[in-house]
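Common to both upcoming complexes is subunit A, partnered first by subunit B, then by subunit C.
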Partner chain A sequence: MKFRGKIVDVACLNHFTRVITTVSRLTKTCVLRLTPDNLLFVLSGKVADGGVSMWCELSQANFFDEYQMEGVSSEDNEICLEVTPENLSRALKTVQNAKAVKVKLTKKHCPCLTIAAELPTLSSVSRVVTHDVPVDVIPRRLWHEFKEPSMPDFDVSVYLPPLKTMKNVVDRMKNLSNFLVMEANLSGEMNLKIETDLVSVTTHFKDLGNPPLRALEALVLDLVCLSSSSSLASTDLPPLPPGDDASQDGGPSQSRDPEAMAQARVDIRKLQQFLMGQQVNPSKAMCNIVHERVVHLILLHEDVSLQYFIPAVA
Partner chain B sequence: MPLSTQSQADDEQYALVASMDNARNLSNILKAITFKDHAIFSATPNGLKVTVEDSKCLQANAFIQAEIFQEFTIKEDLVGFQVNLTVLLDCLNIFGGSTVPGASTALRMCYRGYGYPLTLFLEEGGVVTVCKINTQEPEEPIDFEFCSNNVTNKVILLSESLKEAFSELDMTSEVLQITMSPSQPYFRLSTFGNSGNAHYDYPKDSEMMELFRCTKTQTNSYKMSLLKPSTKALALSCKVSVRTDVRGFLSLQYLVRNDDGQICFVEYYCCPDEEVEEE
Partner chain C sequence: DDDADQAEKVSKEKLQKEAEIRRLKEEDAELMERKQKLQLRVQRRSVYQDFMEQVVKMTKLALRAVNSAHSAYACFLFSPLFFQHYSLGSGSEQGSGSINCKLLMKCAPNILSAFVLGITKTHNLRFQESEALQAVFASHLCPNVLKAPARLLCDMVMHFPLSQEEITLSVTPLRVSLRNYCEEGKDHMKTMYTEMSLHPDEFDFFQVGVDLDLTFCLKELRGLLSFAESHSLPVSVNFSAAGKPVCFSVEDVVLGASVVLATLIDSESRGPSQPAETLAPVTHERQDCSLAAIELYTTVTHHTQCHESETDYLRMKKETHQQLCCRDECVVYVPRCADAAVLLMGSCEADSGEPRCTHAEMDLIASSQGSPIINPPALMLPLPQTDEPNRLCELGEACASFSMTPASSTICSLLFNALSSEQDSDGYDSRLPVLACYSDGEESMQEDHSGRPSL
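Our next item is the complex of A and B:
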């Protein structure tokens, strides 16, 4: 197993650091899959986590100037590590003004991701900074747990309102209730609702727009292509929502009443955690709801995609 | 404004409808009296009075006159109810309490009557939030029987001068002692804590002293825990009047200017901790 990469562009370094910081806000530990084309931060929904899942995908070519990887074997050309993203984030933050940052898989007293950089100083001599971030290697037999999640058979897909507004509202709602209902329809409307003995609060978002089905198809294909080089790619295409042949310009199933709301009741802290983590405004932000089952949040930046699954509670 | 598109017919059912372009003009002043969960709302054609009490020894009132509201319609002479003030403040600040210039939350507050929840419609940037807060039967606010005829001592100070003193008050002191006198020390705040005794004196001819009318030397002590919340009202205000009556009861009245420069009042009444000492 070998991995070494080098980042020389300061904007790329910046962006890379911000993505990892965002991931660190979503989960304490997660799996980092290194493939020839991508870095993937994966959290597999476990009951202990309240079942949230996360899938964050970066195309390595958009960040690294040099990238060399040799996986476990030629058939399984991948490296799977368990990492604490906060440690990576902290290390990267200290080298933001370096000319170049190297990331390597090393073995010190234990396996580590070593982050090394030369930092400019006031004198002519540079300062060398090295961080050894301990990681755990995940054995091949457990790799099946970290497969790409399939696009759920959602009832409604809608663009999210400005994340800042959502965050402000959810922050206040958290003071009032532990659970929140997210509902949306195909007329571009979304409501966030809480209800307790003391109070009920509903925030109405309108004119959000619904992503056309074709956009979602493209997203699915993109994600599959990105991970197709890896031996762990889902071999079956996720099922597309029913009725996709019905409309010409890609609107979801005509048979669904556009005003009908699909809803899911979620733990408000999970949603708050997702919203707290967002540092950069995404180019696209959307939400799929499977009625009373799961809320699937998707954020797309140019070179990073982040998916977050929050299960519904009774 | 989207909120005003509610039909006239809807309004017929409400005993009280009050609208504000900037919800902060209500939420800021309510923060000055939020030291307990519950507040008693009394609305009359003159405006809104919100009362919070603590252990029958302290009462805080916030007055928001009808003119402060863009719309204030009341169907009866007195509409009263009780709500959870913390919940109300969370609702008023639902879009975040930040002061982004140009962005303000519009508010429309509606109350149908006994047994109905207090309904708030809040709007910012085209997003509407509807809150329904359960109400309870209002308790009767205590009448502290504080009347101007029985006032022995009165001073009006610029709040600036008291803010520093109040922020430095020795919290290990169980009481805040207030001495008012026609002679030295004129107006004195004292604490007796673990670090020792502290005195803050305000001479009668100080430029901070806008009015000085003391007839009799009086020293009264008030529980620190009861008066500490008044610091919030002091922080918002530009002027404060301090009055004591023959019984040693304390009245603090704060003049507060809101975001739009309009004037509202907050007052605190407090019972003395001990018998009135006369020198």
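Our next item is the complex of A and C:
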């Protein structure tokens, strides 16, 4: 197993750092999957996490100047590591002004992702900083746990309001209740509700817009196509929600009352965690709700996609 | 005839030239004399200035703190010039003119953080009288010295998280590196290791004898580094070996600060093996390494007779002034231009007639090793032109019988008074530097110096 990457562009380094910092705010540990074309930060829903799962995909070509990897074997040309993203974030934050940053898989006291940077100085000899971030190699037999989650059979898909506004609302609601109900309909309306014995508060958002199903697919497909590899394995595409051919084109919108709200009651802290972590305004932010099952949040940036699943609670 | 004329002319010329040569020689001699006089004046003036600097530095407000494990000590010294108003009242009955007390640091930030124009706030702080506390550490005796702008050191430590406790500074002639220190234990495998290294060229001053690994607490140092950076002061790092303390210090015209940190005695140290006589080692939870504590001395200033041999100087002093020195401990002030902040203390041996520095740990400074108190007037002669920083040690010896913690204005006037006594012959006066004539409220005895210092 070998991995070696090099970032020389300061903007790429900055963006890479911010993505990892966002991931670090969502989860303490996660799995890093290295493929020839992508870096994937994966958190698969476990009861301990409250069942949230996360999928963050970066196209390596948009960040790394040099990128070489050799997976476990030629058929399974991938490396799977368990890592604490906060360590990576911390390491990268200190080297933002580096001339070049190398990330490599090494074996020190244990397997590590070593971040080595050369910093500019006035003297002839550069300053060198190395951070050894310990990682755990995940054996092949467990890889199936970290596959991309399939697009759920959602009832409503809606664009999110400005994340900052949402965050302010959710922050205040958190003081009143541990659970929040998210509901939205196909008329571009979304409500955030909390209810306690003493008080109930609802915040209404209007005119958000709904992404058409096809557009949603296309967006995700676009992202997959960003990777330089020409062959697209079928597992890379999210499966279409089941349904007959007639309803495929319009998706659920055809048979659903546009005013009808699909809702899910979620742990407010999970939603807050998601909103707190966002550092850059995404180009697209949307939310899919499966009625009383799961809230699926999708953020799309130019070269990064982030999906976050929050399960509904009773 | 022509020949005769010629000869006359030549001889005339010769006479003229000889006269001129004589004249020029006289001129030369005059100029040499003037030059010597001026040089003398310059020397005296620089001695005077240096001494004045030291005197100003001796009058100070000192804030000192030590942690409970005695592994970190900080000392901030402020000269009165730092303050708009600085007065030491008559509150002290100790007679030394100094006040030693303890304050709760918790209140300090609140008081000092808010300055609003037009409003006068008066805060009354409770304090407890206490003994003065100082670290025994002769930083100027450390063979290894690094000096760098605060910015460089801040850039070095910024790679480590604020929660990082210990750090190892590794020094070789080709490389200086910092890495986080983690003891063996359950977290060892999970910890992120960071190392940053740079070339000694980046330091303003780099003097390192042997390859060395120093492990100390980074947390205790961060305060001084940010202080130094905010004042754009260079930081000096003085250390000798693993297990011995390391001193980080900064200095400004009106203030100085130093932090002395204990370092780990590491059994795997790359440096030469340390002899057993390290500073009072305190065993910690660590298994293989022990953290050497910084030894502290307390001074007890009291009103006692001085039993040292009574030189003219002392006799004269006794007649005109109150006793200042104490019998049990005396302080030898060891000034070093870059580090006036740390005082070396020793103990007087009451039996011998001379003050001595006998602390086992410290290499004795040659000039103070059992040497008698020299008659001050001799000291005031212009000193030879050397740049040795301990040139001023000799001046310091004149103060050997003074208690210096912290000095007050009384001492300054004392110094002046002592040297302007009737005992000095007139011949001395003209050779003595200005300070012989300046004193509080006494008339000046020499006119050729501008600007009296105001104390």
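We adopt the following convention: the second predicted complex is superposed on the first by the 279 of 314 C-alpha atoms of A that agree within 3 Å, B and C clash if a C-alpha of one lies under 4 Å from a C-alpha of the other, contacts with A are read in each partner's own complex, and residues count from 1 in each chain.
Throughout what follows, a residue touches a chain if its C-beta (ideal position, glycine included) is under 8 Å from a C-beta of that chain, and two chains touch if they have at least 3 such contacts.
A quick note: this is a predicted structure, and the numbers were derived from the prediction, not measured.
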| item | value |
| --- | --- |
| Combined model on subunit A where subunit B meets subunit C, clash or fit | fit |
| Contacts of A:S123 with subunit B and subunit C, given as first, second, both or neither | second |
| Contacts of A:R172 with subunit B and subunit C, given as first, second, both or neither | first |
| Partner chain(s) touched by A:D155 [first = subunit B, second = subunit C, both, neither] | neither |
| Partner chain in contact with A:K108 - subunit B first, subunit C second, else both or neither | second |
| Contacts of A:S200 with subunit B and subunit C, given as first, second, both or neither | first |
| First (subunit B), second (subunit C), both or neither touched by A:D267 | neither |
| CA minimum distance (subunit B, subunit C), superposed complexes, angstrom | 5 |
| Common interface residues of subunit A - those touching subunit B in one complex and subunit C in the other | none |
| In the complex, subunit B residues that touch subunit A | 84, 86-87, 90-91, 93-96, 98, 125-134 |
| Of all residues in subunit A, those that touch subunit B in their complex | 161, 165, 168-169, 171-173, 175-176, 197-207 |
| Interface residues, subunit A side, partner subunit C - complex | 87, 90-91, 94-95, 108-110, 112, 121-125, 127-134 |
| List of subunit C residues in touch with subunit A within their complex | 155, 158-159, 161, 188-199, 201-202 |
